[in-house]
Amino acid sequence: MHIPDNYLSPQTDVVMAVAMVPVWVHCIKKVRATLDREHMAFLGICAAFSFLLMMFNVPLPGGTTGHAVGGALIALLLGPEAAAIAVSVALALQALLFGDGGVLSFGANCFNMAFVLPFVAAIVFGALNSRLHDKSWGTSVSAVVSGWVGLCLAALCAAIEFGIQPMLFTNVSGAPLYCPFPLSVAIPAMLIPHMLVAGVIEGVATAAIYGFIKKTAPSIIVGPEAVDGQLAADGTAKKNSLIPTLILVAVLVLATPLGLLATGDAWGEWDAEGAATAVQEAGDDSLQASVGLDAPTFADALPTGDYLQVYSEEQGLGFAGQAAMYILSGVIGVAVLTIAFRLVSLTVKESGAHGNSRAA
Amino acid sequence: MANDTNNAMGASGAAGAEITPLIEFRDVVFSYAGHTVVDSVSLQVNRGELVALLGPNGCGKTTIMRLINGLELADAGTYLFDGHVVDAAYLKDSATAQRFHQRVGFVFQSADAQLFCATVGEEVAFGPAQMGLPADELERRVRDAMGLFQVADLADASPYQLSGGQKKRVALAAVVSMNPDILILDEPTNGLDEDSCDIVVNFLLAYVAAGKTVLMSTHHQDLVRRLGARAIYIDRYHHVVEAPSPSYGTESGAAE
Amino acid sequence: MLMAIAELPSWLAAEERYEPVGARHRVMQKNVLHLASLLERVRLGGGAHEGGSMVDRALSCVSAPVRLVGMFVCVLCVCLTQSPLYLMLMAAIALVLVAVRPVRGLRATFVPALGAAGLAVVLALPALLLGASATGAMLKIALKTFINVSLVLGVSWTLTWSRMSSALKMLHLPDEVIFTFDMALKHIEVLGRTAHDLCESVMLRSVGSAPAGFSRTDSLAGIMGMTFIKAMECSRAMDEAMLCRGFAGAYPAPARAGFGWRDAVYAAVVALLVVLCAVL
């Protein structure tokens, strides 16, 4: 899951790092507001723990071992905000000291493992556990599912980051400059092993360690469940909606075969058509003939998605111009993702409000 | 009844002792990160003996104990346990290694670093539960071991909630419940109050009287006297000075 | 004396006759070795100062923030360049730096870099299905990854880790970030030691096959759980100690070091590499 340098274009790296800045700022503010006094050592020590957790071998069936990321566990124990900071620092240490994960792709790694993973895990855990916490197995199941869903979604994000590279960044002859695998390959290649192995490790490790700490030193836990517990004590147990969680799980399960069948072709066709029309509109002479005469041939010859490259070169844009275009397209992609996330969280909030009104 | 077994044990132990000591180091050398921590150390621990390792901080006492447990392997020299050379090959066979670990019980200096179960009861049962004992025997051992160290009332408590002295006694009970042949104790009375200390001392005396062997490290001369232990001194140059020196305190003072 | 000599239960007085069947717990051993090597790395904190090559020692003299920036620029150049010639130049530099290191340095820098590059080579095989250009791209990524990882590890090998966090300060990162970094670095050793000892303890007491109720996952959960509890205790103790010593919320940063001639030479070399990257 640690993306090394050179798989992603530097432009993508910049976009991901910029996307992380508001997350970090929000998390630091939130952690400061939540903790009663100067708990500065707290985050650093959490980061050290997160670092160790990433290095720790967990047994797999069949005698092999694997590593958990631990983002989900820390999110459940200390809340997603503290987890985001702790995992970010741990990732920085791994990148700088052990060469594990890239220096340039640090932002992308943080986005996947320090933002998507803990926040998704916390949301899923909150939704499931508020329903199941009166059952003896409720917390374990919630923890397993939250770790699994969180890690699979993080892997999906990483896959999308990989998959957009050959669409956006190719050289003049159409050869990919960075990761060459399109979405149709990257998504199943990342998702299948993460759904079958890494997600299971994350889920089981999260549940086992969370269960141990809950049994041994419950006072330490300040994550989503602690808040839930307080509410339950007040007699107004908040019931988060299961629907977004179920949708997430369903999407994940469906994404793999769908990705195999559809994604690549759809994106490719869209790009080629876009290229054809855009070039026509731009009134470019050299390309118009071939596009006008035989658009499908042009689309076939044109490697997936170097429309931007061709377009910008024909427009005589320099490197800065190209970079600006790529960054803009990246910003658009991130904005779309953010909107999707906010829509999901909106559903959660609304149904939470419903739950409260019903309780009242 | 118990006494009879003790005597029988003692006799057989004495018969065995003339052939092989339980633990024998022959010029063992061990270096860590370029520093020689154990410098051609030779020592013997016989069955039924209570031996105390004494020496200044950093002289290699803990490392010697780790060597005895097979946690570290000697760079040079030979370590014999009950007549067998303990090396990588010896510990490679898992059945042999497990039997070896069962026979050599090790209590760390820091009890914090030794307790990993959710409750004291599980902690004490962890070792014997793996030895394929019948359920009633297992239960008896856990109860007895907790009783010996007076932690029976803490069976359902989590180790996290215990005081330092209680943690130490739980760690001892968890190792003793495996019924090892030799107990290796790294500063067993460090940080214990008088009551906890008495519990440990009385246990050790009974244990050795039953023919078992104990090797412990300590800084307390009075503890060595109270237990009637044979003392092995290690100086700050990592050499063994087995003959009791006039006074450990002045010896290390003279070295400065 | 209040207590007489304790009376031993009969099973404890008898010699244990136990024949283990022998089920190996490789995970725990793996973890012990892994954590031990981690602790060794952290203890060395770099390592070049305890016997690095001449080039390493020269690099160690360059101030830490300059080196971090230089590393970042070099990594970026390697990532951006499309010139085979430039890649060969950087590969040559990386390999020469690695080649003159002592064995310990080789292990710390070359082996992980090779591993990362190997992964990219393995990924080039499925890329064959996508066409030669995709395979070419993966192989180029493999080479670039090797260069970049060995450059980054070269910095972590020649820069004491404590200097790394002071470097961050001089790069004008917020105090909180640096303090968090510092805390994390220091506590990796503390918590790593705890986890290592716990693993050893589990290993020593795993004297047979796990019976019902004691799964391997449970003991692993116990190790990490206790490490977490230890982490929380450390953090509470640290917070309290800081309060007691009059900590007011600001983290005193080391004074900004000057820009010496060594830094200038290093910066010039990096600048030359940047120019070459742009030209080639």
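Chains: A, B and C, in written order; residue numbering restarts at 1 for each.
Keep this in mind: a residue touches a chain if its C-beta (ideal position, glycine included) is under 8 Å from a C-beta of that chain, and two chains touch if they have at least 3 such contacts.
Just so it is clear, the model here is predicted, and its values are computed rather than measured.
Peer 1: Looking only at C-beta pairs that count as contacts, which pair of chains has more of them, A-C or B-C?
Peer 2: The comparison resolves to A-C.
Peer 1: Any idea which chain sits dead centre by C-alpha averages?
Peer 2: Closest chain centre to the overall C-alpha centroid: C.
Peer 1: Quick check: how many Å separate the C-alpha centres of subunit A and subunit B?
Peer 2: Measuring from centre to centre gives 50 Å for this pair.
Peer 1: How many angstrom between the C-alpha centroids of subunit C and subunit A?
Peer 2: Centres of subunit A and subunit C (C-alpha means) sit 24 Å apart.
Peer 1: Just the number, please: Cα centre separation of subunit B and subunit C in whole Å.
Peer 2: Distance between chain centres: 34 Å.
Peer 1: Find every residue in subunit A that makes contact with two or more other chains and list them.
Peer 2: Subunit A, residues with two or more chain partners: 212, 216-217.
Peer 1: Identify all positions of subunit C at which a residue touches two or more other chains, and write them in rising order.
Peer 2: Within subunit C, the residues that touch at least two other chains are 222-223, 225-226, 229.
Peer 1: Send over the residues of subunit B in touch with two or more other chains.
Peer 2: Within subunit B, the residues that touch at least two other chains are 118, 159-160.
Peer 1: Can you check the complex and tell me which residues of subunit B touch subunit A?
Peer 2: The contact residues of subunit B facing subunit A are 118-119, 158-161.
Peer 1: Considering only the defined contacts, which subunit B positions touch subunit C in the complex?
Peer 2: Listed in rising order, the residues of subunit B that touch subunit C are 1-2, 5-6, 9, 33-34, 69, 71, 93-99, 101-103, 106, 108, 110, 112-118, 122, 126-127, 129-132, 137, 140-141, 144-145, 148, 159-160, 174-176, 178-181, 198-199, 202-203, 205-207, 209-211.
Peer 1: Subunit A touches which residues of subunit C in the complex?
Peer 2: Of all residues in subunit C, those touching subunit A are 26-27, 30-31, 34-35, 38, 41, 71-72, 75-76, 78-80, 82, 112-113, 116, 119-120, 126-127, 130, 133-138, 140-141, 144-145, 148-150, 152-153, 155-156, 161, 164, 176, 179-188, 190-192, 195, 216-218, 220-229, 231-232, 234-235, 238-239, 242-243, 247, 249, 251.
Peer 1: If we count contacts the way the header does, which residues on subunit C are in touch with subunit B in the complex?
Peer 2: Counting only subunit C, the residues touching subunit B are 1-16, 18-24, 40, 43-44, 50, 193-194, 197-198, 200-211, 213-214, 219, 222-223, 225-226, 229-230.
Peer 1: Subunit C touches which residues of subunit A in the complex?
Peer 2: 4-7, 9-10, 28, 37-49, 51-53, 55-59, 63, 65, 77, 85, 89-90, 92-93, 95-100, 102-104, 166, 171, 173-182, 185, 189, 204-205, 208-209, 211-213, 216-217, 220, 303
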